[in-house]
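In what follows, structures are represented as structure tokens.
Both complexes shown next keep chain A, but they swap its partner, so chain B is in the first and chain C is in the second.
Showing the complex of A and B:
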């Protein structure tokens, strides 16, 4: 029983990490129709920048977060301006491939700046074990789960009630129609990149604090694909839920089926889900006409 | 002034080339390449072999992604299947390379049908992500099926001989790769002008419309998966011969991205484009190496320290720049240049 509880608690933690990265994917996909293959790399880059900032100014977690969110939003804006904006109006496939190219560039640049050695990065979070209902957690793990809950709530409120969020949904529903009623589509695209980078900042700092700050952090982006697919690419709240589910599945299958299942069970889930519902569990079905 | 070229019969439309000049240049090019072992050293020969392997792989991927419109990020997985099949059959089972190399294509094709069946309903990004998932699963299976694949230790490739020559190095490897490349390029050129090729293009342009016209989507999509993976598997088999050692680390995700970069910058859907892209992108690291060796010692050490990162960044920059400024790729640039040449001094 303890084993099961342990698996579930680690599942929740890894799942929260997937969920945060997956929400970054979903926000960009929802408003631009592009799967941002560079999301994992942005998470990694922001985590490294946060590491340098924290080391230079000796900040603890919350001040660091407050500093890093605007920095990462500026980064997202810059990336959108330089790489994505010039591609406006090009086929989706071309834009997605640009993000693939961007991903490789960011990965190389990060390693060239910070080197390939892993760092220990505690992000100013204490390391005393806390017991929640008898299960031991590190505070960083609890922060990660709490962050997912807070970000999900904020995203839901934002998309549901704010003017910006509603225009974002309008752009997602029909770009041309939104443009016709006076929504600035290009501004929405930039906004989506900034928001997803802000989430990446939260994700990056907490993932690095929980696991390790190493150049393979970008892989977290690919590992989060199952979560986005499960939630449906265009459902932001679904992505968070998908993350938790995938995290639990991965850890339970690792524990009960066998060694190495952690790496691939998520991908197996993707294939099964897409066979049944090719548009994800919570995604919108696209209707095609000739 | 030259006039436009008009096809009057169907056979003209589907001919490989109606121009004798093109045939002449093709034969001349093949002759020059075939004479390479007499002209260049061992190192350049190795690079030429890499270029040809990349051509085979790119032609295979182009068939799936460029011609049929099924985006695949799983290239590395099928290369791995081909390479491992060839290596295991040669080293552990003592097969002749005559049979093991085609077999690496067959096994990759068989596995691709397994991939293809669940992917039939998918397209676009969902398909890309699914193929990505499959390539991870394949790598994982290779890593954990230790009885067959030696797990993380990898397989040494040995005992590949043809006509008594060791085809794992030097001129014999070069000629064998050249033969395979020519065979596959002409095979694919011919395939794309048959009923199958046209059905694939119809699926790419609009799959529902293609179905309405009577193209059996299931059959032709699976066929595209199978034939493309057969070719990619052969490329993997050739890779294992050249590397002489296969290990799962060789088949990382960057290989799939490199493959897509090749066909994008060559020009999607064009076989000549795939060839141009493969040449360009395989020579790119060499160009970078030469570029950095021009400078003083410190820059050269910088390059050797970060060789993978610099290469990765170069691939990324090439992908981004081409999609931005030349979406039709190298072959599009070539067509523009040719049009400009024949229309000069008029613009159109």
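Showing the complex of A and C:
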């Protein structure tokens, strides 16, 4: 029983990481129809920026987060303005290819600035093991689970009750109709990139704190892809839930089947989901292309 | 006509380069280095290239190889085998190198092998001492370094002999690739020879960061001695999860964890882990090397000195020793011949003496065992260089 609980608890941690990254994918897709293949790289970049900020100003986690969220939002806005805005009106495929190019650029820039050496990044979080119901956790792991819950709740409230959130849903539902009723689609696109980058800040700091800070952190983006497919590409809350499910599936399959099953189980889920329910658990049925 | 012929003959006689292979002039010998200078593993390549630079500096400060200065030309392969092939093509066709010292990883060496063989390039492989490189033997290729198998066997032997507990449970976690197979071969040899309990064998895909399930599996199996086949951040994440579950472990690590930057990644887990290596990680030889290196590299570069630096330093100095014996008539064939005869070449104590005079043209197989002292943040020698 202890073994099962350990697998579930750590599966939740992994799933929370996937969920946060997946939410970033979903916010941009929902508002712009574009799969941002640079999402993992943005997570990596903000983690590195956070590392430098933390080292320079010796901030503990919450002040660091307060500083990093606006920085990340500005970064997201800048990326949207420089790389995506000029592509407005171009085919979706071309915009997706721009995000692929952006991903490669961000990887290169990160190594140019911070080098390729991996680092420990405590992000101002204690490393003393704490027990919850007898199950050991690092505080950063608990922060990760809590962060997913808080961000999911905030995203739901934002999309459901705020004027901007409703505008985003309107653009997602029908861009032309939204334009006709006075919604600034370009502003919505920029806001989507900013919000996605804000979530990337939370994800980046906590993933780096849990799994070291290294240039291959971008890979979390790829690893989170099954979560966003499972939850539904246009469902922000679904992506969060998809992350948790994928995290649990991976850990349980590794624990009980073993021998590298964790690495492929998420992608097996993608294939099954695409065959049975291509729009995911909570996605819109109209999705036909990526 | 006779005068013209005599002038031509005199010109040819005065320019050794015309008689020699590419990369050699009266004043210079060009040595190629294909290395990992970009990407996540670039700090390995940086350390490695530094070794070539220090070796060239040292040799040149003593007048070079029979008066010819060594120039090292480095090409980046980003740890991608296809790029290694392109890089070596450029070194051969554009830079016209004479010999090769830096050779990147195992798959990268193998990608370059057709070019090395076709051009008969004297090559010292010291970063990828895998069996596939020296078996079958290639005439111009000389390999320096021990196998991962021996490195893990050496550590597990030391751990077992130091504390031969009947309750010890051995376990292994390793990458699901050829490197991991070599790690497991050493582990396999150890558990069979020592008759200890073989608790668990775990495999993972390259690039894995989360090892929580594996740590739970190790705890379930009661592992007390771990052959940790993770590298860099991965190795740290494995030990981090083990510590969270309060596993009382003696970890044995891959030699890449002997790099100060890697050791820092493992340190927070709190285990005094072991590393076995074919180059010395600590001691008077390393101190002397650092003092000497200051003459040839900047203070910033000096921070990147690692075990890979020692390996490439040994590679280039042994290559130079073979070239030296050719005198003024430096050719690839002569260099290869002298490398084949190289015996007990002194590496300034950075490794066991180099001898390529064996059927595999393979040296440096003696392994030393070191333990990282968490309190001091330093490695301590536990067993000197031995053959396993």
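One rule holds in what follows: the second predicted complex is superposed on the first by the 286 of 290 C-alpha atoms of A that agree within 3 Å, B and C clash if a C-alpha of one lies under 4 Å from a C-alpha of the other, contacts with A are read in each partner's own complex, and residues count from 1 in each chain.
Note that a contact is a pair of C-beta atoms (placed from the backbone, for glycine too) under 8 Å apart; a residue touches a chain by one contact, two chains touch by 3 or more.
Please read all numbers here as calculations on a predicted model, not as lab measurements.
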Partner chain(s) touched by A:63 [first = chain B, second = chain C, both, neither]: neither
Touched partner set for A:225, first chain B, second chain C, both or neither: first
Touched partner set for A:233, first chain B, second chain C, both or neither: first
Which superposed partner A:139 touches (first chain B, second chain C, both, neither): neither
Which of chain B and chain C A:124 touches, first, second, both or neither: neither
Residues of chain A at both interfaces, chain B in one complex, chain C in the other: 108, 111, 259-260, 263-264
Residues of chain B touching chain A in the complex: 71, 118-119, 121-122, 124-126, 128-130, 132-134, 136-137, 140, 143-144, 206, 208-209, 212, 253-254, 257, 260-261, 264, 306, 308-310, 312-313, 315-320, 323-324, 327
Of chain C, residues touching chain A in the complex: 38-43, 176, 202-205, 207-210, 212-214, 216-217, 219-220, 232-233, 236-237, 240-241, 243-246, 261-262, 264-265, 268
Interface residues, chain A side, partner chain B - complex: 35, 83, 86-87, 90, 92-94, 96-98, 100-105, 107-109, 111-112, 222, 225-226, 229, 233, 259-260, 263-264, 267-268, 270-271, 274-275, 278-279, 288, 290
Contacting residues of chain A [partner chain C, same complex]: 3, 6-7, 10-11, 13-14, 17, 108, 111, 115-120, 127, 129, 136-138, 211-212, 214-216, 219-220, 250-251, 254-255, 258-260, 262-264
